[in-house]
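I've put the structures underneath this note.
Presented sequentially are two complexes of chain A, the first with chain B as partner and the second with chain C.
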Partner chain A sequence: MSLFDYLERDRRPIFLVLLILCFLPVLFPLNLPVNIEYWTSNTYGFVESLQPGDVVVMPCDIGGATVAELYPGYLAIAKHVLAKDLRMVIMTFNAVGQIMVEQTIIDAGWQAAVDRGEKVYGVDFVALPYIAGFEAAFAQFAQDTHSTVNVDIYGNKIEDLPLMDDVHSFRDVKFVAFASASMPDPHMRQWTPYIDTTGFCYISLGYFFSSNFVFLRSGQWIGFINGVKGAAEYEILAGFPGRGLTFMDQSSVTHLYAIALLILGNAVAYRARTRARSEVIA
Partner chain B sequence: MEHVEVKKMDMPLIVFVIVSIFMFINYFIVIPGGPALSGWLSNAVISIGNWALIYGFLNLLRVHGPAIIEMRKREWYHSVLTLGTAALMFYASIPGANPIIYTWLWDNIWYGLMTALMCYVGFFNFSGLYRTFRVRNWDGVWLIVACLFGMVINAPILIVAWKPLASIASWIADSPSMGAWLGFHLVTGLGMYGLATRALLGLERSMLGTSAGEVE
Partner chain C sequence: MVDIVTPLVIGSLTVATWSLMYKENEAYRIAEDLTVGVMAGYVFYVGVNNVNTKNIQPLLQGDWTQLIAIALGILLWLQMIKSLRRYSRYSMAILSGVGTALALTGVLQGQILAPIRGLFLPPGADLMTKFTHLVSAIAAITTVMYFFYAIKPSGVMKPVSMTGRWFIYIALGSIAGSMVVSNATFIYDRAQWFLYTPYAWIPLVVACVVIIYDIARNR
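For the complex of A and B:
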């Protein structure tokens, strides 16, 4: 039995090689150059063009299953928003998202800025809790924020938070960067009426890469962040090297491995088919 | 004049028709008081969704409860599911319940399980690439070519090896693939209009538990 036939029966060697490839770049970094795509640079350019004090809303629908791919890009934008002295409303439409909301406040440096006395919670940023209702919630939050949420994640009343006095709908918001593992259609169905006043950016899984161009080319989005690769691009542009760049080497070798498996599997199947056909003829 | 009898079963349909027409008009035209009413309706939908979750949980108890109480064989995983859900529901919804316990359950058990599940799926995807994604006709060839170029975008190592790959991969995603997606979006949109029209005309009654033309 050849190695290829063995792999047909036992998948463990495939798993083992994948595991090794995930760890290998940590020991031997490749440090490959990352080309910047226009959908990422457009997003960066838009955030750069915002004025200090402008309000940015960042829905964080990131769960444990998608944190590796979505969080680096989301975090890079949250850091950039802080560096640009913008005001941020961070929240989630996903029941699993609140953990990452809290984590972002820490990882992006907002909490440290509060500790240093540079930022004030409630004035410079607000963290809202999970808003249930999916599409109805997207619509209602964009249309009338105050009727959708009553308190923040710490239990403070929305009316008591000065930042929220300036945020009643998406018309008061300059930029929305939303991270979600689901398709962006439901979001954009409800948020499209606000594209005249608000710039949108979708932090997406690589899986949705080609579908993102539908919204980009229609002008509904400023740009999008294409998974970890997009995050690495944004980190280079913003000058915050982080998880995106760290994961780039893993992404390279594992994608190379995926392509090799795909080609090899088909070559082996083709060989088996032609051999079976020639045996039938003989 | 023929007497029109409104049956109890038709009430959800009537509510649907009125609300749909109002929301549709309100989306495109500014009506006095429209935003406030549509806001109230949206919040009602959110509320109904939350009540549906509670109803779902009660249904879970109804289905699995007897099996758990009788300690039937192979019901232990249902017990874990149901009791885990009950614990989360209890700590999340009872006023005054200790949030530390709820947060611990959520962060350390549920969240960890979900993350582990997806990591496991990742390994199977790689196995599937070798074992199941097989080209059997020309459609498959084009699919595999698009798939390979799609992966190239996320792997700088390949772009470094041959720079034009990036432009080719971007073009495939930006033009033919985007066109296909746009087609899907348009068809889905038209389908939704079709479905909504059928529902407005009373032809689509599956949500009422009956089908078109079916007599109660």
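For the complex of A and C:
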């Protein structure tokens, strides 16, 4: 039995090779070049232009189904915000997002900064719990933050957190970086009135890439992070090499494999067709 | 101890999920049910906690306006009782009314005026950007014409409509390709996790041994 015949009967070796190819670049990094796009560099440049003490809001609507693609970009920005000595309000509009809010505080180094005595919770950053209501919540949080939440994720009253004294609406916020698996239309329906005072960046799934240009081109966003590629670009710009860069190596290798499979699949189909024809003639 | 058990449990559930690629099995079904169950349980906890901190506690502290929200919430639950189902419509009406009002007030500025303003901005200095804008304009016009059913696509309209169809093919192909990349990210993520997390490789090796044994036994 030839390889073609075997693969027609059993596709499992294809999956096995795919898995192996996903692991190899982690063990042996290829460090392939990553072209930095202007929508990522615009975002980086905007965060760089902010002054220490400026307030950044980071809605973290990342669930289990989207953590792999959205989290690296979100994390890179959270690290950059910390490095720039900005103040951060981190929260979620997604019922399962609170896990990632807590994880970001740890992974981005905010918790370690608190442990070292460099940052103070409530003064330099605040973590707010899940805010229900989707589009109604987007509108209300941007318009009157204090009426939307009364406690943080640790149960402290909002009035007792000094940072929240300076944050009453998006007019008090310089930059909003929101990660979401849903289309950004509901967000921007409610947040567009603030674009003259606040910069917006959407950390997006790869398949929203084309639709993101509507908001970028209209000036509603400073930029956007396009899935793991955007994350890799931001990691390079900010100087925090992380998972996004390794993702790009894995992505490149598996894409080459996908192209090879495409050619192989067509060859198998062509062979089956010519064989069927010759059998009919015989 | 937690540092060892946690990667072992997570790793086992991951390989159990991946085991579907080999064949349908009990381990996969357990992982699938656990994922759904844990997620449902967590969302339930977050929902209850949310109602407690944002409604019940303020009510107990004397904020009587919370009674309105709680009453509307209870009315929603009446959907489950057939004889009282009609009362849940009041909550539904408020929810959909508020949602529609919010969307409509935001849509004009956020999704109509701002994108139109972007349309009139100069296309950019370099030749490639100008070319991209030209292609985008042709794609937008021809695609709209493809869905313009009032005129039968004949004569000069036929090639316009066909061009629009090809742009739709290209756009759908691009979206499908992007979705594949998005979904492949899960495997990349897990591969990194397996190799960077101490003890996480153990379930992977065990799964390989079990699969090899199964292959040998069925041969």
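Heads up, the rule we're going with is that the second predicted complex is superposed on the first by the 242 of 282 C-alpha atoms of A that agree within 3 Å, B and C clash if a C-alpha of one lies under 4 Å from a C-alpha of the other, contacts with A are read in each partner's own complex, and residues count from 1 in each chain.
Here is the rule we use: a residue touches a chain if its C-beta (ideal position, glycine included) is under 8 Å from a C-beta of that chain, and two chains touch if they have at least 3 such contacts.
Remember, it's a predicted structure, so these values are computed and weren't measured experimentally.
In the superposition on chain A, A:V228 contacts both chain B and chain C.
Within the superposed three-chain model, A:S210 lies in touch with chain B and with chain C [touch as defined at top].
When the shared chain is aligned, chain B comes close enough to touch A:L262, but chain C does not. Looking at the shared chain after the overlay, A:S251 reaches both chain B and chain C. After overlaying the two complexes on the shared chain, residue contacts for A:V120 are found with neither chain B nor chain C. Contacts of A:D185 after superposition on the shared chain: both chain B and chain C are touched. Within the superposed three-chain model, A:V67 lies in touch with chain B and with chain C [touch as defined at top]. In the superposition on chain A, A:Q220 contacts chain C only, with no contact to chain B. Applying the stated contact rule after C-alpha superposition, one finds that A:A272 touches neither chain B nor chain C.
Residue overlap on chain A between its contacts with chain B in one complex and with chain C in the other: 15, 18, 64, 67, 96, 99, 132, 136, 139, 185, 193, 206, 209-210, 214, 217, 227-228, 251, 255, 258.
Contacts from chain A toward chain C in the complex involve residues 12, 15-16, 18-19, 22-23, 26-27, 64, 67-69, 95-96, 98-99, 129-130, 132, 135-136, 139, 149-151, 155, 185-186, 188-193, 195, 205-207, 209-210, 214-215, 217-220, 227-228, 243, 246-247, 250-251, 254-255, 258. The residues of chain B lying in touch with chain A in their complex are 27, 35, 38-39, 42-43, 45-46, 49-50, 53, 106-107, 111-112, 114-115, 117-118, 123-124, 126-127, 129-131, 133-135, 144, 147-148, 150-160, 166, 170, 172-174, 177-178, 180-182, 185, 188.
Of all the residues in chain A, the ones that touch chain B in their complex are 7-8, 11, 14-15, 18, 30, 32-35, 37, 63-67, 96, 99, 131-134, 136-137, 139-140, 143-144, 147-148, 185, 193, 206, 209-211, 213-214, 217, 226-229, 248, 251-253, 255-259, 261-262, 264-266, 269-270.
Across the complex, chain A is touched by residues 18, 21-22, 35, 39, 42-43, 46-47, 49-50, 53-54, 58, 98-99, 102-103, 106-107, 109-111, 114-115, 117-119, 121, 171, 174-175, 178-182, 184-192, 194-196 of chain C.
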